[in-house]
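Each of the next two complexes has chain A plus one more chain, namely chain B in the first and chain C in the second.
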Partner chain A sequence: MNIKEYRRKAESLLRDAGVAVGDSVALPSAAQVDNAGFGAARPEADVWERALSILEDKRAEPALRTAAIQKLQAGTFLGPQFRPYRARYLRTLREVALNGNSELRRSALDILANAKDEFARRLLTESLEGSIEPVVPTAVALGFLARDDHGTARSIARRVFAQSDSLDAREQAVRILASDASSKGLLEEAMKNKSEFRQVRRASAVALRNLDPLRFALTASLILDDESEFADIKASVAGAISRAGPAPGPAPIAPPPRATLRKQPKRRMR
Partner chain B sequence: MPPPMDPDATPLPDLALAEALEALKAPGCCASHRSLLLGMLREDHAIYRGRGASESERLRAFVLAGIVRAGLAESAMPYAMEELQTGMKPAGVAAAARCARLTTVRLDGLVTLLSEAFWRIRAVDEDVDLDHYPALEAATAMTTACGELIGALGNVAGGREALRVIASLCTSQGELEEGEASALRAALAGADDFTAAPFCCARASVEDVDLDLPSGSLSALSRTEFENQDGERSQFWQIAQNRVSLVAFFYTRCDNPDKCSRTISMLSRARKAIEERLPDIDAVVLGITYDPDFDLPARLRRYGSDRGWRFDERNQLLRTTSDFGSLRTAMSLGVGYGAATVNRHRLELLLIDADGHLIEFRVRQLSNEHSIVDALCNHLTASRMAGAARE
Partner chain C sequence: MNVDIDLAKDAAGRSFVTWSPVKASARIRPGSTQAAATVTLRNAGSASGGRVVFDSQRSDSGTPQLVLQLPANGTSVDFWVAGEFQRPSTDYGDAVIEAVDSTQTRVGSCDLMVRIRKDATRLTAKERDRFLVALGILNDAGMGPFQSYRDTHVASAQDEAHGYAAFPPWHRAYLLDLERELQALDSSVALPYWRFDQPAPTLFADDFLGATPTNVAQGDLVQFVPGHGLEFWKTDTVDPIERRPHFNIAQAPQVLTQTQTLALGNTYAAFRRYEGAPHGSAHVSFDGPINSVPTAAKDPLFFLLHANVDRLWAYWQWINNRTDVASALTFSTAGLKRPPNNIGHRLNDTMWPWNGSNVAPRPGSPAPRTPFPSSSIVNRPGSTPMVQDMIDYQGVHSHKSLGFDYDDVPFEL
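This part shows the complex of A and B:
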């Protein structure tokens, strides 16, 4: 497949997932940034004040609002200097998460999810439960929720895993279940299931090894002994065993998915 | 092995939660009502069941603020002080500061606690709504943790002392924000207009606060089988073997560095302090996880090693091998569970003598190794004197 065709397919998948491709934003030019009033030459307090004004302005160009988020987010690393703007920044991000365009919404939720923000958690949960319009694609929402292993995404992850055919959604669901000790059986089944997506099987193996190394080892040995098993799965499992060592590491933190941009593999049946 | 919590435990439905929270609207002066309200601050109360940690945090802050409004600030102070010592989220610290703001009991070290909380929370402070649950995004009565802490400092320390404390904080932390400055102006003017229901028979009551171990706790603990960081299984009495025991609860996924991580690090220092100051004492130092399904032996070993533990038969991290729920119930442990793991727990540390009797139960407070050795010394002195008197 050439790159143009791949891009067309990816955009089609994004549209199907509810992401409006047309309103995705490119980064603003340096001139745009300077004209907006938060160029590098200005004092930081002025820059943050201006960036907040732009972010709050629903009529501002999405590209500039995105740049404003980047400026403000960089400011958060300066701790005490940024403190006077923090509360307003969080308030504005919550507003953007609710009413911004898809790209802005995603950026805002990304930041809020990292902060384990309760408003973002509720918004993502209600979005996944279907009580409001989806704010981001399912896999992305799960990925955001997965960052809080003290959260409540387990039941949603189980439901998504039971109902969704999307590779990305299933993979993110498994990553969430990697911190749930009561999901060992489900993960073991997913790891063994030859009709499951390969990525999901691998993610299940990682999750099960994290939760129960012994159970993982037993399941892995069954896979290795199975002559009808796929060679790449056997290789992955053997690699995991050889790399594993006796001690499981901390719960894996799910990376934010770039959702549906990946090519969807066919599900192979036994 | 059954999990420590009911995996299918679901949060109370919205209606049931609203009904439970309705109790906060009445003043808390009658004994049964007071008990009902303070019971809502227990980590294992049904209103927190199945909720995530951040959601529980918000809910608990709302409950604490409601209890303060109901006139029970003094009874709630043990909870507030624990939050001021270890809280990492603005809502919880704001509610605790509001509690301290309205208490009339002057507790030692409260000014220090408030100023340390100010220092800890200021970098992550934000607007919080203590009057509504779920919080209203556009609530008119938003407050901040730092604003509440300043108000509390003003009331507890008095205007000039508060100014001195805050000025010293600001020397290292930069200027006051507008909200903080107005809170300080009000504190200095003695114009704190925050009010609550009048104190009644609830005044200075402590009997409803869960600071004691229930009877039968230690025998339940003694009978419980544990697995250590090496996968070796024994009952507690076999591990203790008629030695003095220092026992604390923790879990490896705890995301509050001032709770479990600090406790386990402190226990490893306590071991060294005991060896140095009380070389004749045969003691075991043990940590028991609240999350035994996740905290497998290898994970326990790594967690302890990272915090200075030298494992041997006198220094072990433990997980229950069967039903943690039974131990949790028997000891009335202060721990609640969300969908997958602990959503909140209190600080719990036990000192048990060689005969299996409780020397001290420290709850909702940080301990350090020196105070533990002091407690052991005091116990030994008292035991020797009692023995001498008998002879």
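This part shows the complex of A and C:
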């Protein structure tokens, strides 16, 4: 391809869109720099002020408040510029986690969970323990709680796994138990159990691989040798074995063809 | 007569080029003939594979053929070779340099790859799977070297990489660090990018970066096909990949388009606003760890998102001729300064973590990634890169590239 022609076309498209291109530009003045968003008169500051006001307003449309969260969360990526607004933002998110509609609560708790926020951890724990109305569905709450590597999450996960019949909740519980050394046996059994949800079996394999690679390898070999085993379970454990260890080795096994993988996991007799 | 074509090779004897020309040489193998010879270098790879262009000098206008006069005594003759723009490889060896004599008889050849970072939605299935498998091996179910990348992009390091002038260079280094480790596992891998201003439904599918459950009560764990390279992905201790889009994945999220991003301005001080939008907007187009600085790198999507952020900078650099580090239009510390003296964000500053520093204001914990990994095909940026080392990534001025290129950003002098 002719590079000069490629440039001519690219510049033409940009100029048609009103975009200035090229060398002919003077160094920006201090005022221009400020207007570009890095000085005292930052336009972002106005946007964040407005967004905080909307988020704080319980009567505002939920869609508007969700958009405000996104605007403010994008601001956190600017680090020092957003820092003066951070405390007020987190305080408002905690209020939204309690009082917002389901979508707002979920978004607020997602962000607070990423920040390992103690208020969010307590709220999620109380929700899962049943001492307050559920703030988000069980599987979602477990996922959020798991981001804070805390013993509470593991004890709740064990209870959920023992009591819940829900595929989603069981899958999330198993993922959390990947950090629980006392759950190796439970995970091994779930991995081998043909009556378990197949997604849960695969999640158990992931968890056991993380917790005890040797025990995983032994269980995986039993599964791979079992002619009556499901193809998707075999594919999962074979894939994990092929990717074990960082050293370059023989050509890694690529994921099996899609045609063999499209069978949706179904629950069998438990 | 036999002709040897000499191009930089890695430990496995493989050669790679990008759009940036590299010096190579050809010579008559000693003892294979008594006379000087005229040979023609040309492409001989597969029709759909990578193609290269040649020149007798470093240029941006190479041609598909080059005639060389080779002395009989075996003295090497230098030439320059680069990938032909927008003709990248898909597999190693699908590009071949062939030397033919005056009768069009092949007298020498060299397999290689035109290794280019591509739009993730345009990868072949093989390219996609090689990338995913290499990433999965690097992660090794949470026990592999990937954890050190996750530990680099954390709250305590936020000011090394965000909010100040070196946001673009720091992240360019971070991506290149990861790409080199992936290439140590599979040299045919290049980091793909998520062009977030365009629909990318194939990227957010169970055979690529994972599909989010459609049932909102199900949680945000992304789903993979069994045997997928990232199925056993782990970071920290318990976290799988969680991600829920705020947009219809058949469409693009609400972010600035590429044209709008370029319209931020043609000075660095103005263009750097892209850290807020579209960069920040792309991160928060999902719920999940990807939407917060301290957790974003837990999700492999981070690296494809940032490859696009880097591509936008690269495209801006190309279209505006902004590769001369001596120019304030190319790089400027105008605006907010990191206390106490903007350390880490000035041209001659080394960057954490690769400099290994734990002296304040650098993060106090041991640096998780040091030294910067070397490359077998280029010798930049060295073990402790400086901010300025990341700017002229194609070597337009320095004549030494960093060894990567994007599919839609050409090399131009």
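Everything below uses one rule, namely that the second predicted complex is superposed on the first by the 203 of 270 C-alpha atoms of A that agree within 3 Å, B and C clash if a C-alpha of one lies under 4 Å from a C-alpha of the other, contacts with A are read in each partner's own complex, and residues count from 1 in each chain.
FYI, contacts are C-beta pairs under 8 Å (C-beta built on N, C-alpha and C of every residue); 3 or more make two chains touch, one makes a residue touch a chain.
The model shown is predicted, which means the values in this text are computed figures rather than measured ones.
When both complexes are overlaid on chain A, the residue A:Phe119 reaches chain B alone and has no touch with chain C. Within the superposed three-chain model, A:Pro84 lies in touch with chain B and out of touch with chain C [touch as defined at top]. Shared-chain residue A:Gly151: touches chain B; no touch with chain C. Judged by the touch definition given at the top, the superposed model places A:Ile111 against chain C, while chain B stays out of reach. Which of chain B and chain C touches more residues of chain A: that partner is C. Once chain A of one complex is fitted onto chain A of the other, the partner contacts of A:Gly130 are absent, as it touches neither chain B nor chain C.
In the superposed model, A:Arg94 makes contact with chain B only, not with chain C. In the superposed model, A:Ser182 makes contact with chain B only, not with chain C. By the touch criterion defined above, A:Asp212 reaches chain B but does not reach chain C. Residue overlap on chain A between its contacts with chain B in one complex and with chain C in the other: 79-81, 149, 153, 179, 213, 246, 248. Taken in their complex, chain B has these residues touching chain A: 3, 7, 10-11, 50-55, 57-58, 122-127, 134-135, 137, 144, 173-174, 177, 253, 255, 291, 293-294, 296, 298-299, 301-302, 338-343. The touching residues of chain A, when paired with chain C in their complex, are 1, 3, 6-7, 10-11, 13-14, 17-23, 25, 27-28, 32-33, 36-39, 44, 66, 70, 73-81, 106-107, 110-111, 114-115, 137, 139-140, 142-143, 146-147, 149, 153, 168, 171-172, 175-176, 178-179, 199, 202, 205-206, 209-210, 213, 231-236, 238-240, 242-246, 248, 252-256, 258, 261. Considering their complex, residues 79-81, 83-84, 86-87, 90-91, 94, 116-119, 121-122, 148-155, 179-182, 211-213, 246-248, 250-251 of chain A touch chain B.
Put simply, chain C touches chain A in their complex at residues 60-61, 84-87, 126, 129-130, 132-134, 136-138, 140-145, 158-159, 162-164, 184-186, 207, 213, 215-221, 223, 225-229, 231-232, 234, 236-240, 242, 246, 259, 262-267, 269-270, 272-273, 275-277, 279-281, 283-285, 287-289, 291-295, 319-321, 328-329, 334-336, 338, 410-412.
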